[in-house]
Amino acid sequence: MTAKEHTYLGVPVKKPKVAFFEFTSCEGCQLQLLNNEATLVDFLALLNIVNFREAMSEQSDDYEIAFVEGSITRDDEAEQLKEIRARAQTLVAIGSCACFGGVNQLKNRFNDLAWVKEQVYGSHPIESREAMPLSAIVPVDLEIYGCPIKKEEVERVVTNLVLGKSIDYPKYPVCVECKANHNVCLFDLGQPCLGPITRAGCDAWCPSNRLGCWGCRGPAEKPNVRQLRQIMHEHGFSDEQMLDRLECFGGFGQYVSELKSASKE
Amino acid sequence: MLFRVFAKDQLINLYDILAVNHIVGPVSKGVDRHGAPLYDFDFIYDFAELQLDYTATIHSLKRFVLPPRETLCTFDLQKDSWQKHVDFNAYKPTVYFGLHACDINALNKLDKVLIGNVYPDPYYAAKRKNMFIIGVGCTPQPFCFCKSMGTDSVLHGFDLFLTDLGDSYFAEIHSARAFAFMSSLECREPRHSEHLRFVEVNQERMNRFTCHVDTTDLTKILDLEFQAEVWQEWGRKCLSCGTCANVCPTCYCYGIEENVDLGLQHATKTKHLYSCNLIDFAEVAGGHNFRPESHDRLKYRYYHKHRGFVEAFEESLCVGCGRCGQSCLANITVPEVIASVRGEGANHA
Amino acid sequence: MHKLPFVDVLAEKQNHARKQDLTSFEYTFQAEITNVYPLTTTEKLYQIQIIDPEERQRFSFQPGQFVMLELPGIGEAPFSISSSPIRHGDIELCIRAVGNMTDFLARVPRGTRVGISGPFGTSFPVEQMQGHDIMLIAGGLGIVPLRAPIFAVLENRNRFGNIDIIYGARNPSELLFTYQYDMWRQFDINLNIIVDTGDADWQGPVGRITTILEQRIAAAPNMGKNTYAIVCGPPVMFKFVCDMLLKAHLPMQQIFVSLERRMHCGRGKCCRCNIGSTYTCLEGPVFDYWSVMNMKEAI
Amino acid sequence: MKVSCNIKVNHLTRVEGHGNIRIRIKNGQVEEAGWDVVETPRFFEAILVGKLWENAPYLCGRICGICSIGHTLASIRAVENAFGIVPDRQTAGLRLLLKHMETLQSHILHLYFLAAPDFLHIGSVLPLVQTHPEVVQRATRLKLLANDACDIIGGRRVHPTRTVVGGFTMLPEKSQLALIKARLEAALPDLVKTAQLFQTFSLPDFVRETEFVSLKGRDHYPFIGGDLVSSDGVVKKEDEYLQMTNEYMVDHSTSKWSRLSRQSLAAGALARFNNNFAFLHPKAREVAASFSLQPVNHNPFMNNIAQLVECVHVVIDSIVIIEELLAAKWQEPRQPVIPKAGRGVGAVEVPRGILYHAYEFDQAGRITRADCVIPTSQNNANIHYDIIELARQSAAQQRTDAEIQRLAEMLVRAYDPCISCSVH
């Protein structure tokens, strides 16, 4: 598409050349980008997409912003990521896999890759290493959280990127958005929820659908995990149930080990 | 004030008379995990949905007058100029059917700061001016301490207030429009026996309050106990989740966000309710946070409601509805916090 | 059936002291950035003029007051007016790029339209200070809000006694308004500048503001009641400086500070600027030291 | 001159996941050809071990971003079968409706965004935004409808939130369903236009006989649960799925391969069409007829048309389901779940073919073994042998390198493979 050159409040706005890449993931986050039906055309008009394997055949190595989905689980992925990092001015991690390792990192919890491989592939040799977030391999400029990412947030982030406006995430937990949506608290309905300690920004996606939060966006700033554990107990939920959610997406790493050692006591 | 009495089966007629307007009232929201009924304010489309004998609503009425998210204005941008369009987001007058005294008092308190102050808030005022309020007497719940806050009865800020006398309603009429509505209803002046019954019903209600807060010298005590150890204890429990402020009928602080549309031709300025309990509430340029710890913030909420507002307006910003304590997962309740600060609670160090 | 009449608040005339009707409370003056002068690597001075000549003339403020400056779609933030009150709606703001809105502002060219609302807040009691000695003490960006009272004082220089400006910055490259120092000195102002760390060209003193203040106080043993002080700077500075002034017998109500808080409305609504429960935007940003002492967590 | 070429397509575009095509022809002889999957595995089957039952649908939905609803439903079905929970009519209806909407959105995505550019000789759908805005608008309109319906019923279009073991966490508003119904009715003309668009494309004439595996319809075109059937006449029960899939490993693929009666088998829209043609809605059959598509068809490129036929079928069937839901009174959305030891299998027809989830549980409802068999892994072998056959025929017909590569890419895309999903 031909670019209409814009200025915003006198500041020239350039269409950035962007590329999309995916590593170990379900590609759901990229799909979310195509799922922006209502605004897709405007969204595409903001960008100069030079690489988007899932949607187009043309490919180019000349890009400014790289959106990368997925976690790193193989050496060739790590190498390719480093190449992307070297080319891109801005590296954006999209989705929980890229930001924290995502559900893929659940295999790390066994600390036994051989057993994990054997479970799925038997004796057939297969290459795989511990699942890692992008930031464990290269510096990441921006993270868009969520499993899946929320299109409204992506659009806001991309608009701000294009404008050169700063990008802020809520520091407070999901409860704020849950209450703003006038939901009944999941705990009152007898369901466990990580909302009180998880970073907001998803508009309480799950609680608004009466599903307790699983913490896909990682911890809010200074989460009071200890208190939530007590609340879980008071409502009849076990440490195991809390742990299931806490370790699900990899965002709560430090708190997972704390809870594990606390529940052993 | 004028008084009328009407039979209970007339209530539906009152509803019907008003039903051309938008009606908001208490509706059922299912049951909680213990099987207790849950209520909340919502739009009502059918008289059967109206649950006038509700216990208490989870959220306050605030969403209708101070929406959690509100577009304050939009901008159209041209190459070298822009226009600002302001919309107060009030389009229809709305009937609020069945508010308890605490919630009407809450609106009265909000008026003081949002309309009475040097800079009235036009968004709030526009909605507030388009309310028709029907109050209804309540049954005190174990967590209600409005009596301690002096908000257990309401003297103004409503059009009509109904008290259940058993088979009839005792109506206090407080506005000309309410009077007009009542005249199309089968009602009459109360008899002397009904005066007595009215007083009796209210007395019975008074006797049912079980939850109290000692507010004697509270403004000074809060100053004196500013460094008290109990704050730290509550702070350790607090999740800094802002739920208390979100359900509170009188918490009004907010944040502003401006966003540019994808087309880069339009922008919107949105207001979203905030809470002083949230971690970055008092953060300023350079990252300095004036209230970095959760106990600083929790304390500040009490400080604002029970001291600052009193200094400014001679009354507390808390109406004693108890919602914050009910909604707080960490079981932080106003009566317990204040008792502990006074050195009375079990929590006092 | 009764349809309730819709009350159009826009139309309804309100009897408010300040403005005629409620719309005016959301009114934004359209203004143009007429000039931008980089002062240091992070601070720029913006000359901003309200476009409508009538509005420009009507816009009047007191030294110490602030405006909310808005970049549509980007953000809105409070800034002290840093120019002379006699210039009305042709103001100067000195702004440090620290975040969302201010970073964007730094990229905006001359001629851009911005929005201004205000002026808001309390001001320095310049009238009341007449006939007295004045100490203006600023740390870092604190010099910005002091510039308006400096102008106000200079315009009537003969009505005031001794005037001291004590200004500290981290290093010489961060000093603001250097081009005006000579002019200030010409007006018989005792200008003392100190930096935390000097550089090759720096001739002046090195150290903390308090060092200079100490010398000043020692040199004028009976400043006490006859002196007014205005203190502006980072929160840590307030305490030390004000303590010294108190020791030098300045009455608390003659010491003024300008406090900075997060503000989203400037109109006493959003609560973001509350100190204890005092609205910085309504009852401040200028407070006398007595009020500050009386507020919890003020500094 | 005899054909000689060396085609290597690394990370084929416009498919989900990472796969490579290789074709080497020398002097008209195919020296080597095939399909390699290089996707990194995620080990979901291992991840699930030791987790409580409620984790299964939540985690397994994340096997695939495109058919997350199908995975979630298959997983729920497996858990429910293990615990002996039978969904009531309301739940079953809502689930099928949700499933249909996923089928619609996935097929539309494939037809317009992934497949159509090949026939129009463009690299992606992007140029169409300028040249054929009405086509793009139609595609997005259909996709948006399907996605909105998924949001309303499942809570979220990708990784649904309301679908849980025992039913749903909450129900849609009836007014929302009525709105979806109206939009579905309005979508039928759009599908007719879609058919007209595809009529203008020339689908390659390529045939390789194979075995088609799908659910076996009893009275309906099957989507959720039931017996399994193959076009070669094999019939099995749902929990005998292992005998239908027979997974094995090959060196050049991180995704497993399958076989049944022959060297390879095919699952997907064409397999369902071939095996259950009789249950298609007449309108859908009309569309098939307009493409001269009838069972049993062995041209893999016709999978595109079978998808189109299914779009028509699911739209009409969804309208029927919504009518029934609207007529009934809402029941409790969720049944209580009491875990117990045992094994459960859930087979669900997702857009790309039949999907199986199977779990074993201990007494407390913790997973002790998990197995998921994905349509694309069932199709891998078929894709592989199709490529070899295509290479052979191309060499014989003396096609150019570019033409062979284009055809091979189109062939793989016709399967609409979901590679990351197959390497789960």
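In this document, chain identifiers A, B, C and D correspond to the written order of the chains, with residue numbering beginning at 1 in each.
Everything below uses one rule, namely that a residue touches a chain if its C-beta (ideal position, glycine included) is under 8 Å from a C-beta of that chain, and two chains touch if they have at least 3 such contacts.
What you see is a predicted model, and the numbers here were worked out from it, not measured in a lab.
Innermost chain of the displayed assembly, by C-alpha centre distance to the whole-protein C-alpha centre, is A. With A-D and A-B as the two chain pairs, more C-beta contacts join A-D.
Here the spacing of chain A and chain D, counted between their Cα centres, is 26 Å. In this assembly, the C-alpha centroid of chain B lies 37 Å from the C-alpha centroid of chain C. Between the Cα centres of chain A and chain C there is a gap of 42 Å. In chain C, the positions touching at least two other chains are 71-74, 99, 111-113. Touching two or more other chains at once are residues 77, 80, 259-260 of chain B. According to the touch criterion at the top of this document, the contacting chain pairs are A-B, A-C, A-D, B-C.
Within the complex, the chain A residues that touch chain B are 6-10, 13, 39, 42-43, 45-46, 155-156, 158-160, 162-163, 165, 171-173, 175-176, 179-182, 184-185, 187-190, 195-197, 220-224, 227-228, 231, 235.
Against chain C, the residues of chain A that register as touching in their complex are 8-11, 163-166, 168. Contacts from chain B toward chain C in the complex involve residues 16-21, 72-73, 75, 77, 80-82, 84, 86, 88, 90-93, 95, 113-114, 117-122, 125-126, 129-130, 132, 177, 180-181, 184, 223, 226, 252-256, 258-260, 266-269, 274, 276, 281-286, 288, 290-291, 296, 300, 303-304, 307-309, 311-312.
Of all residues in chain D, those touching chain A in their complex are 11, 13-17, 40-47, 49, 51-52, 54-55, 58-59, 62-66, 68, 109, 113-114, 117, 123-126, 129-130, 136, 140-141, 143-144, 147, 155-159, 161-162, 164, 169-170, 249, 254, 420-421. Taken together, the chain C residues at the contact with chain B in this complex read 1-7, 9-10, 12, 14, 16-18, 22-23, 25-26, 28, 30, 71-76, 96, 98-99, 102, 111-113, 115, 235, 260-262, 264-265, 267-272, 274-278, 282, 296-297.
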